[in-house]
Amino acid sequence: MNLLRLGKILQGVPRQALYTMLIVVASVPLFFRVEVPNSPDQPAIDLFVTLNTIPAERPVLVESDWTLSSRGESMGQMEALLRIMMRRNVKFVLYSGADPQAPQVARNVIRRINAERKRAGQPEYKKWVDWVDAGYYPDLAGLANAMATDIRRAFAGRQDTNERGSMQDIFRSPVLQNVKSISDVALLVNVHASGTIDILNERLYRRVPLASMCTGVMGPQSMPYYASGQLVGISVGLKGVYDLEQMMEYGVVGKSIRERPHPKTIVSSNHDEIVIQPFTGQKNYDRAARYYFSLHFAMTLMIVAIIAGNIGMILTRKPKRKGGQ
Amino acid sequence: MNYDFIKLTVGVLATIGLYSALYKETKLYRFFEHIFLGLAAGFTLVAVWTETLKPMWWDQMVGRTADGSEESVPGLWLFAILVPIGLLGYTVFSRKHNWMSRIPIGIILGLWAGQQVQVWWTRYGPQMSDSMVPIIPTTSQFRVPPTDGLPTEQIQAIASQLYVSQALSNIVLVFTVLSVLSYFFFSFELKSRLVKGVNLSGRWLLMIGFGAIFGSTVMGRFALVIDRMFFIWIEWFKEGILRIPG
Amino acid sequence: MTYLASFFTAPAASSGLTIRILGTLVFTAIAIFALSQAPTRSRRPIVATVTFFAGLFYVLFYLWPQPYDRKPNEIPLNSVEAVGFWLKDAQPVVSTFGNIIAGSMLGLGIFSLLSVHLRKFVKKQRDWQFSGILLLSMVAMAVIGYWNWIQKIAPGSPDLENVANWGFPQYANDFLFDGMLQQMDAAMFSIIAFYILSAAYRAFRIRSIEATILLSAALIMMLSLMGAVEYQTSELIRNISGNDPNGFINNFTLKEIATWMRTNLQNPSLRAVDFGVGIGALAMGLRLWLSLERGGVSA
């Protein structure tokens, strides 16, 4: 086969063949459970350490700005976040700012995690007592400004169903009754697919610690804010979720700690004396662990396709004529 | 056939119907596309009132009477002006009165514009200070010495120095920021060879940022496809039809 | 609302509140009618004025001296402090204005969709059957959604977070929302991946230095996102260095290279782009606030 013909073949794979290849490489690995070796990134480690060291008696604000359009990444992030908070008995306030569908999607995830806890014999997270739903805000900038000034008036008028089944002001709930200002909140975590962390960063930086759990698309743009210290931690995309699941499985220790809970315990280079025990005997590896293996094959396909196209281009390139002939 | 399986099956059919667009735009694809748009619109109709206007506008406007343990909250009657102002936005469909739709837009944009004065500094101030890193080494040693097992004073002494390798990295960082910024100087002609060279370097370094975005985007998008395949093959086929736990 | 005048409030369920609300609505209707009669040359100044005063609130909020260590029920000492008190008390309320006005306009897209498809369906234009399906889906979702919500907020309703308490509206809402809408949303967005693969295969060519740099950076990023690849390269380097944790060659693992690139090339580059965009946004914000923009809001 001459090189020109090979080049044309390499550049001429029909798109339906490419699509079929992608479907195959994305599907087949899902049938195999493989623990992919991995080294968590420091931003994800910082996020995990923060989630495991915030005082359990102070609530967390969870801004859920995603829908199933980014289920592959955001749902895993939300599930990991909820599992960590629920296992530590950290109360949280759920609200959304980007999409009217987002609150319902988040509630569905909470319901599913509660069902998982019930099957495992653990207490379910009760609405009103352990978490409250503060609803949807189309003008997120306005909400963030109001939270910075007076969090009680930011969520003024919001009611949720209490234990007796009647609607009551959310600041009457055990979750928020001790919160007088934004500084009483331990952390604000934004699970997003659309860059809403920028709006929060602009208005709430230095008032409350901010953390971001974003999709791969938003990751590079959010990294500079982590680098400058405006975010305490960040989990980016599917890898970020896998990092969190791995840390939940094996724990994290600071770089000065010699004795580790497990041979695969992760060492944090940003911390010295910290020890975070793994969640032994509980469900840690979940969605990301299933998807991450497939991701390797899918990305390999992308790399091979790009390289093949370029080799094809080089092989079919007409040689430059010499001497004007 | 229980409810969960029926729900899964309908979801799979809808997914495959929409994926038929990869072959070509078919009536099947258009059918599910229209159902999707209708459901999304219907849900927004519900969410507009239940998630936004009722708690934020109606409940605050009419207040609340005392109810057992709950004390009464007075109503803010001035809020009655807000929804009519918002509804002015719908005059965009009127040929004669469409200028009035700019009033609510003007309010929202005005509120946004007024905030830029402060939020710009909150967002970019730390970015600027993080970019100002030292570029002159304080020691002639190239590498940072290992700190394992050293006493705290020695570790602090090592951390207080700037080694040549660190200085070189910092120079690269500062040069990247400045050269990429210089790429956006469109308002005057670049005459000097030095400035042109920096501008060209900025363009090249910009490509690194874009390359990183591309790589990360590929991960993000492929994760969505993998998720759909998981939904079809594992949740529906393996667990639903074959009844094998996932 | 400690310093906002009680002039703006009235006791709930009182006739005073009802009269004030109705009066405000009547006044608003008259004002809107008056606006609709405004001469053409006064329209731009009206919109410009509204935009200016909306922005002026936040400009004053940030530039006016803020009350420091304010006690509850404290009275301002002078007019400057009085304005500061008022701004701080009014800010959460003004934030709500934005939410309410934006919320009121959320239906714009639906209004447009409805008018187009209703017309198609009624007049039996091309593909009117699909328009009928869209309208049917919209109505079904809206009816079921409201029915579910009314049951959720009714006094004494059972905990509907618990599936055991679900009735027909909850199952129907779950079926339409989670079973259909969300799955189709996911499918729509995942289709982009196929197009990215196809486009990258056909168009991502190293024809120039810039394209080569972009491709190289993308390849390194993609490889570093694959944990197995990262791990294997680290193992290889570790074997070469003889498991010496302080070996110089350890700086050449994929993880170290990717981290160095991210810290010293990728982040600064994107930071600079973001900074440029931010300066543009600041300038645009000022121009919009002062209605200096030719094609802006008040045009």
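Order of writing sets the labels: A, B and C. Residues in every chain begin at 1.
By our rule, a residue touches a chain if its C-beta (ideal position, glycine included) is under 8 Å from a C-beta of that chain, and two chains touch if they have at least 3 such contacts.
The shown structure was predicted, so the numbers you read here are calculated from the model rather than taken from an experiment.
What is the identifier of the chain with the smallest separation between its Cα mean and the overall Cα mean?
Given all protein C-alpha atoms shown, the central chain works out to be B.
Suppose chain centres are the mean of their C-alpha atoms. Which chain sits farthest from subunit B?
For subunit B, the chain whose C-alpha mean is farthest off is A.
How far is the middle of subunit B from the middle of subunit C, if each middle is the mean of its Cα atoms, in Å?
Result: the chain centres lie 9 Å from each other.
Taking each chain's centre as its mean C-alpha position, how far apart are subunit A and subunit C in Å?
18
Report the inter-chain centroid distance for subunit A and subunit B in whole angstrom, where each centroid is the mean of the CA atoms.
The answer is 12 Å.
Residue numbers in subunit B touching 2 or more other chains?
22, 40, 43-44, 47-48, 52, 56, 60, 73, 108, 111-112, 115, 120, 123, 127, 209, 212-213, 216-219, 221-222, 224-225, 227-228
Residues touching two or more other chains, restricted to subunit A: which are they?
Only 19, 22, 69-72, 100-101, 137-139, 141-142, 145, 156, 166, 216, 220-221, 224, 227, 237, 239, 295, 299, 302 qualify.
So which stretches of subunit C touch two or more other chains?
58, 93-94, 96-99, 101-103, 106, 177-178, 181, 183, 185-186, 188-190, 193-194, 200, 215, 219, 222, 225, 262-263, 266, 268, 270-271, 274
Give every residue of subunit A touching subunit B within the complex, in rising order.
Subunit A residues touching subunit B: 16, 19, 22-23, 26-27, 30-31, 69-73, 75, 100-101, 103, 135-139, 141-142, 145, 156-159, 166, 168-169, 172, 198, 201-203, 205-206, 215-217, 219-221, 224-225, 227-230, 236-239, 290-291, 294-295, 298-299, 302.
Spell out the part of subunit C that touches subunit A in their complex, as residue ranges.
By the definition above, subunit C touches subunit A via 1, 58, 88, 91-99, 101-103, 106, 152-153, 155-159, 161, 163, 177-178, 181-183, 185-186, 188-190, 193-194, 197-198, 200-202, 204-207, 215, 219, 222-223, 225-232, 234, 255, 259, 262-263, 266-268, 270-271, 274.
Hey, which residues of subunit A end up touching subunit C in the complex?
Residues in contact with subunit C: 11, 13, 15, 18-19, 22, 36-39, 41-42, 67-72, 100-101, 104-105, 107-108, 110-111, 114-115, 127, 137-139, 141-143, 145-146, 149-150, 153-154, 156, 161, 164-167, 216, 220-221, 223-224, 227, 237, 239, 242, 292, 295-296, 299-303, 305-306, 308-310, 313.
In their shared complex, at which residues does subunit B touch subunit C?
3, 7-8, 10-12, 14-15, 18-19, 21-22, 30-32, 34-48, 50, 52-53, 56-57, 60-65, 72-90, 92-93, 97, 99-100, 102-118, 120, 123-124, 127-128, 131, 143, 146, 148, 169-170, 172-174, 176-178, 180-181, 184, 202-219, 221-222, 224-225, 227-228, 231
Okay, in this complex, where on subunit B does subunit A touch?
Listed in rising order, the residues of subunit B that touch subunit A are 22-23, 40, 43-44, 47-48, 51-52, 55-56, 59-60, 67, 69-70, 73, 108, 111-112, 115, 119-120, 122-123, 126-127, 129-130, 209, 212-213, 216-230, 232-234, 238.
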